[in-house]
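Chain naming follows the written order as A, B, C and D, and within any one chain the residues start at number 1.
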Amino acid sequence: MSNASLNVLKVEPIRGLSDKINKVRQDTAEIVSTYIIPEEKILYGAEGDGPRVKLQMEVTDLVKRSGLWAPHLPEDYGGMGLGFMGLAYMNEILAWSMASKRCFGLSAPNSGNQSVLVKYGTEEQKKKWLEPLVRGEMESCFAMTEPDVAGSNPRAIRTSAVRDGDEWVINGRKWFISNANRADFAITMCRTEVDGAEGGVNHMMTQIIVPTDTPGFNIERAMPIWGHTAGEATCEITFSDVRVPLENQLGQRGSGHAAAQDRLGAGRVYHCMDCVGQMWRAFDLMVKRMTEREVHGGLQETKQFLQGFIADSYMDIQAARLMTIHCAEVIDSGNNPRTDISAIKVFVPNAFHRVVDRAMQVYGGLGVCSDLPLEGMYKHARTLRLADGPDEVHRILIAKNVLKRYHSGQCWDFGV
Amino acid sequence: MSNASLNVLKVEPIRGLSDKINKVRQDTAEIVSTYIIPEEKILYGAEGDGPRVKLQMEVTDLVKRSGLWAPHLPEDYGGMGLGFMGLAYMNEILAWSMASKRCFGLSAPNSGNQSVLVKYGTEEQKKKWLEPLVRGEMESCFAMTEPDVAGSNPRAIRTSAVRDGDEWVINGRKWFISNANRADFAITMCRTEVDGAEGGVNHMMTQIIVPTDTPGFNIERAMPIWGHTAGEATCEITFSDVRVPLENQLGQRGSGHAAAQDRLGAGRVYHCMDCVGQMWRAFDLMVKRMTEREVHGGLQETKQFLQGFIADSYMDIQAARLMTIHCAEVIDSGNNPRTDISAIKVFVPNAFHRVVDRAMQVYGGLGVCSDLPLEGMYKHARTLRLADGPDEVHRILIAKNVLKRYHSGQCWDFGV
Amino acid sequence: MSNASLNVLKVEPIRGLSDKINKVRQDTAEIVSTYIIPEEKILYGAEGDGPRVKLQMEVTDLVKRSGLWAPHLPEDYGGMGLGFMGLAYMNEILAWSMASKRCFGLSAPNSGNQSVLVKYGTEEQKKKWLEPLVRGEMESCFAMTEPDVAGSNPRAIRTSAVRDGDEWVINGRKWFISNANRADFAITMCRTEVDGAEGGVNHMMTQIIVPTDTPGFNIERAMPIWGHTAGEATCEITFSDVRVPLENQLGQRGSGHAAAQDRLGAGRVYHCMDCVGQMWRAFDLMVKRMTEREVHGGLQETKQFLQGFIADSYMDIQAARLMTIHCAEVIDSGNNPRTDISAIKVFVPNAFHRVVDRAMQVYGGLGVCSDLPLEGMYKHARTLRLADGPDEVHRILIAKNVLKRYHSGQCWDFGV
Amino acid sequence: MSNASLNVLKVEPIRGLSDKINKVRQDTAEIVSTYIIPEEKILYGAEGDGPRVKLQMEVTDLVKRSGLWAPHLPEDYGGMGLGFMGLAYMNEILAWSMASKRCFGLSAPNSGNQSVLVKYGTEEQKKKWLEPLVRGEMESCFAMTEPDVAGSNPRAIRTSAVRDGDEWVINGRKWFISNANRADFAITMCRTEVDGAEGGVNHMMTQIIVPTDTPGFNIERAMPIWGHTAGEATCEITFSDVRVPLENQLGQRGSGHAAAQDRLGAGRVYHCMDCVGQMWRAFDLMVKRMTEREVHGGLQETKQFLQGFIADSYMDIQAARLMTIHCAEVIDSGNNPRTDISAIKVFVPNAFHRVVDRAMQVYGGLGVCSDLPLEGMYKHARTLRLADGPDEVHRILIAKNVLKRYHSGQCWDFGV
């Protein structure tokens, strides 16, 4: 990966922020800058690779000793209990390198599964699945998306779970399930209620915990996402008469849709936080390069086109960052954050895309070569624009929220 | 202008803001919504028109009684002493209607001239020029731009002031001088020092107060800006042996460039605050229309393209607003705000342009007709992209500030 | 207007084009370059102004002697009979200055009315209205748009014409009617058939010729388009029991919608041809300026940002131009041109807007001042995006045409 | 790959085109549609894979029998001798599938090497290297780019060739050399002249044919472009005292830069032709999907946002296509095509990028999965924006060409 000398991330205390969060930021910057960025080549190495395992364990230990483990989880469950705003400030540092995520106990989809288990799990489920997951002793996946159903319409899911005595019997096909090849269990979205059931269309799904060694749980293939099938693969899975005990049901029957919305809402905000950190990193790589690279008649930094890249990226990052922090504040305040979540879900990955695009352009051929993290960021940014609801769906949601306010006789209040 | 029923501006208290500012916002909203927006047709009437004069005086009285007069000035000089951040929060309400500016004692270029007089004026100058200007008994203009000099390069100004005994003798040509036809005095940027003078290129200009009835001060023409020459015109002016007493000099000899930078820096931020309010208003006009206008097979609000306009405008406004407030916070904190000023100087008018553009499109032909304030906003937004330094210059400034940090061995810290 | 020296328009013969068209181009360039552009200030002067009238007559005489009058009309009616493709090549020269339009007998809305009269008029109507209109002895307007009807939905028009003996009696309100204040007659779109009439929704309208001195034809106001009400104004009109003889009916009863579609279809293509010429002119003004204007440390032409303006404008013009010519070829070939008309209706005014926007930026303040034609172009470009069907409507039409092909089992063939 | 039923490519004869070219188009469409698109999965299979080899041979035979082999080469060298314009019309069909390239004898970098050998090769070189290359019995690569030299500045190349008796001795490092792992020989760009040599900076390079089994020619690694290292890899290479006989020198000493410019100029146009075909394919995949895929409350084709995707892609394709054909016409006419080559080099890959981006969005997750060709197109489009001179360099070149014309006293003539 990139040369260590390129990235000296040092952050100053932010005015108006608590001492606690400022310290978290600085401690995080120290670890990311010293232990992670210079070793990205190792940390992105093949899974099971000796040096990678060893380094990951060392950094994880340091993170835990520094009290920075699992920032998204309540303290009772081994996390930092930071809240969304605190996490926004911490994560923009942490996400300078996506290799940090695993070292800080914050890697999707495990992190989302943890939050769902915290909120919906029984004591027994927490003991059996949550605790080892938080400790990093288990892996998990979230099995929702299906081939014949628009991803933005989770109510149309077809995988069925039918009760048979003390068991749920699951049949169906899922795809785009990331981490499935490494997972010990899959939280699986199943249709458990018949059409016309009480509670209507939002109460027909139930999430069920399925250990991946259950007979009938089959990984059909690693899907070639952007041509890749290695590592934490994205898989296509079938469930053929998969039987799990009733106690593997997560929350009430019919609560699956609500639980998924909780998870996806938070997940969108986390993704945006990641984007902000990654943008900042891409910006750093770009500017550093411009101060060093000679082109026709001078350093890149003397060329207006490339100065324009700095300026436009500065604005993109500042806008994305302030909107993400603002959204996190709205969530923490208890107000309805849905319009702002949709707004950042659209704005931030697009801004991320633009920033990385410019950085790639500055590096030329090297920009599309995995010697640098830029090409990975680029694919990631593109993917985010269609994952968890494409841009188009979230733009409609923003409009509908605004229109609802107008139909109630009020204009929109941007101050709140 | 637009129908009163279209605009009921009501704002809720903002979390985390002081009670004082929240009250200012709500009082301002009350006045703008009740007295200004429904009467815009009158307030934009021909100058000297009876109903306009009468209404303006009434609203001004109310504003003064409500303690909302001249929010940008220190209390010692008859203002509110709000600071930049407070002003950002107040002005986004106030600027729903540009007709408010005069009613709140906040109309350019008078407001900028007031601030310069506060900082650089002698006691005598303040008594003679500042006080009547603040009370609204005088008008003024700021004479800087010249035909043969790039507007973004104020150090190249050619209008000369030569000392002759107790007088400055001024010769030169200025253009794009707004409000000159109504002004009682012009703060005039003059070259007073010869090349190679002490202090260098940034110390060759001096600002001099020129009463507009001084012999040799000639308004050559009202310039047809966007085809218009009426009202508060933008003028071309010549100075032919204009003689003013030495005591009309503003600040030290050679301080003119610094004073202009002060003024322009603040002015850029004020313009952005105006843009935020205007965007919000355009958004309101657009959304309201969509809930009422029937097109092919349904109300406009049911069409995805137009829902997209709401969503994209929501993001533009939120980004512009948060960046403007953030910049105001940086100024108030005493940190160097120049990068952020340049960033909003570029971002905000462009966002304003996009928001108004969409609102126009929703109104069809009416969008380009002065029955609504939209076409005026559109021209204003366009003009802002080249006034006070075009986008291109500010993008370069952002880049240079970032690069300077890198050359000092640090990366950019977006948190500060 | 702009300095003559700025614009020396000289064109070379185009490979593969007929000698006739190449000669038309070169003769047109000669006239535009020699007689029109250097005198734009006069030609854009107040109507009835002596020098303007005199010059216009002189140039018109020259145009007629050169065989270049009324290029859009068949030779039988005093025109050149060029066809769309020939006109595309001629008009991109002619439209360097919009002041040419009147001198070449090609000014809207007269030109559109002429074409409608050619196709739908009786011999008597042609004698009475068309011939004097072509000779430039009459003026006309086209009264279609109404306040309460979406402009893009002409079938919803409410102005009624009811037969009473030998007369049509017209009642209704029209607005955005350009040239109405100068017109001798108005071709008026009226609802003549009741709902459910034979032929359905596309056969309920009839166009009727209304002399503007008919009692009950009232110009309510000149609408302040972009703040302007002077010259060839855009008017709001009422019809109050306006009675005209039956022989003023244009074409069959119920043919009004079809006639309007003919006119608007052609009109959209003409507007695009104008845009191409105007873009080329704006490009010329911009590049010329860059070779002369000094900014920080050098001529504008040495700055990458501004070089980028040249490059991007080059691509915009080339794309707009080739698409417009291609569309004209499709029309002349007799193939269905509707998809391509909608495509240029969207693409070309937007490209025009971008090109003018850049030219304005290069000129700074002068860009928004009517000393140059740029600000007028800018408003014109913006208006075109919502006139004759807004962008959104034409984008839907393109899609529907493509989808129709797919539903017939074929893929789209871009070659045809 | 994609389902065969998705792609029935049938083209009609194009008006005004020769019968020959129309037949070429239709024959090409027949082969691509029948033999290539339905079998893409096989044709993109692992190299050396049995079914792939077999199918490729069969299709190649058919192509040769149909007289469609090597369309870019003169007939004397086994090609079709189509000229640029003919190739533009043929290739937009052919490039519906990039798997066609090899089947039609048109795969880079072999095709470029062939053209260079045709123009610069001796009879002996043609016999030894060109003929087997055209017959498909050899593979080749072009070794130009170096790590420490801006790709857009080929005159700065450092790899040296020093004459030693009857041999050239080559030392240096190259990277981003595609197909190097499969190549039998590498045409290598070497610095052979010392600074200050006759002819100046454009005459210091010589191209030399280096058989890849020459001692000292080392493939250091397959570079992980977009994370991939398999197939026709992009390699980093070192030359350590590589000795080849003098007769491997291609053309005159010092002609290397000119030969590279020839090749790169043509190559840019070929890339654009490929983009046009690929865009058309992406468009087809997108529209077809929209007619079949159900989303919230209806087929995708009924949603305005997605209709907008069709319309915007239609305009992008039409503009890109017409500009590419226009550029080919200019080349064939013998006029200087450099401005137009730069224009399409910038415009077309960007348009390609936008079209593919929309198609991906319509497919959701499947859009980034290699089950469809879209993700490959997306990476390809992005790469093209920085390969063979980044957008920024070509935008400057366009501007310089335009400015040169103005400095010679002429305005730009878009007609020529």
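Keep in mind that, in the parts below, a residue touches a chain if its C-beta (ideal position, glycine included) is under 8 Å from a C-beta of that chain, and two chains touch if they have at least 3 such contacts.
Given the structure is predicted, the values throughout are model-derived calculations rather than measurements.
*Asks:* Same or different interface residues for subunit A and subunit D, judged by whether over half of the residue numbers are used by both?
*Replies:* Both copies, subunit A as well as subunit D, present the same residues to each other, with over half of the numbers appearing on both sides.
*Asks:* Suppose chain centres are the mean of their C-alpha atoms. Which chain sits farthest from subunit A?
*Replies:* That would be chain C.
*Asks:* Report which of A-C and C-D is connected by more C-beta pairs in contact.
*Replies:* Most contacts of the two pairs: C-D.
*Asks:* Determine the centre-to-centre distance between subunit A and subunit D, using the mean Cα coordinates as centres, and give it in whole Å.
*Replies:* Inter-chain centre distance comes to 37 Å.
*Asks:* On a C-alpha centroid basis, what's the spacing between subunit A and subunit C, in Å?
*Replies:* One centre to the other, that is 52 Å.
*Asks:* Could you put a whole-Å number on the gap between the CA centroids of subunit C and subunit D?
*Replies:* So the centre of subunit C lies 42 Å away from the centre of subunit D.
*Asks:* Where in subunit D do residues touch two or more of the other chains?
*Replies:* 303-306, 308, 392, 395
*Asks:* Show which residues of subunit A lie in contact with subunit B when the two form their complex.
*Replies:* Counting only subunit A, the residues touching subunit B are 7-12, 14-16, 25, 89, 92, 280, 283-284, 287-288, 290-291, 301, 304, 306-308, 310-312, 314-315, 317-319, 321-323, 326, 329, 333, 339-340, 342-343, 346-347, 392, 394-396, 398-400, 402-403, 406-407, 409-416.
*Asks:* Under the stated contact criterion, what part of subunit B meets subunit C in this complex?
*Replies:* 145, 150-153, 175-176, 223-228, 293-296, 303, 305-306, 357, 360-361, 364-365, 367-371, 375-376, 378-379, 382-383, 385-387, 390-392, 395
*Asks:* Residue numbers of subunit B touching subunit D in their complex, please.
*Replies:* It is residues 303-305, 308 of subunit B that touch subunit D.
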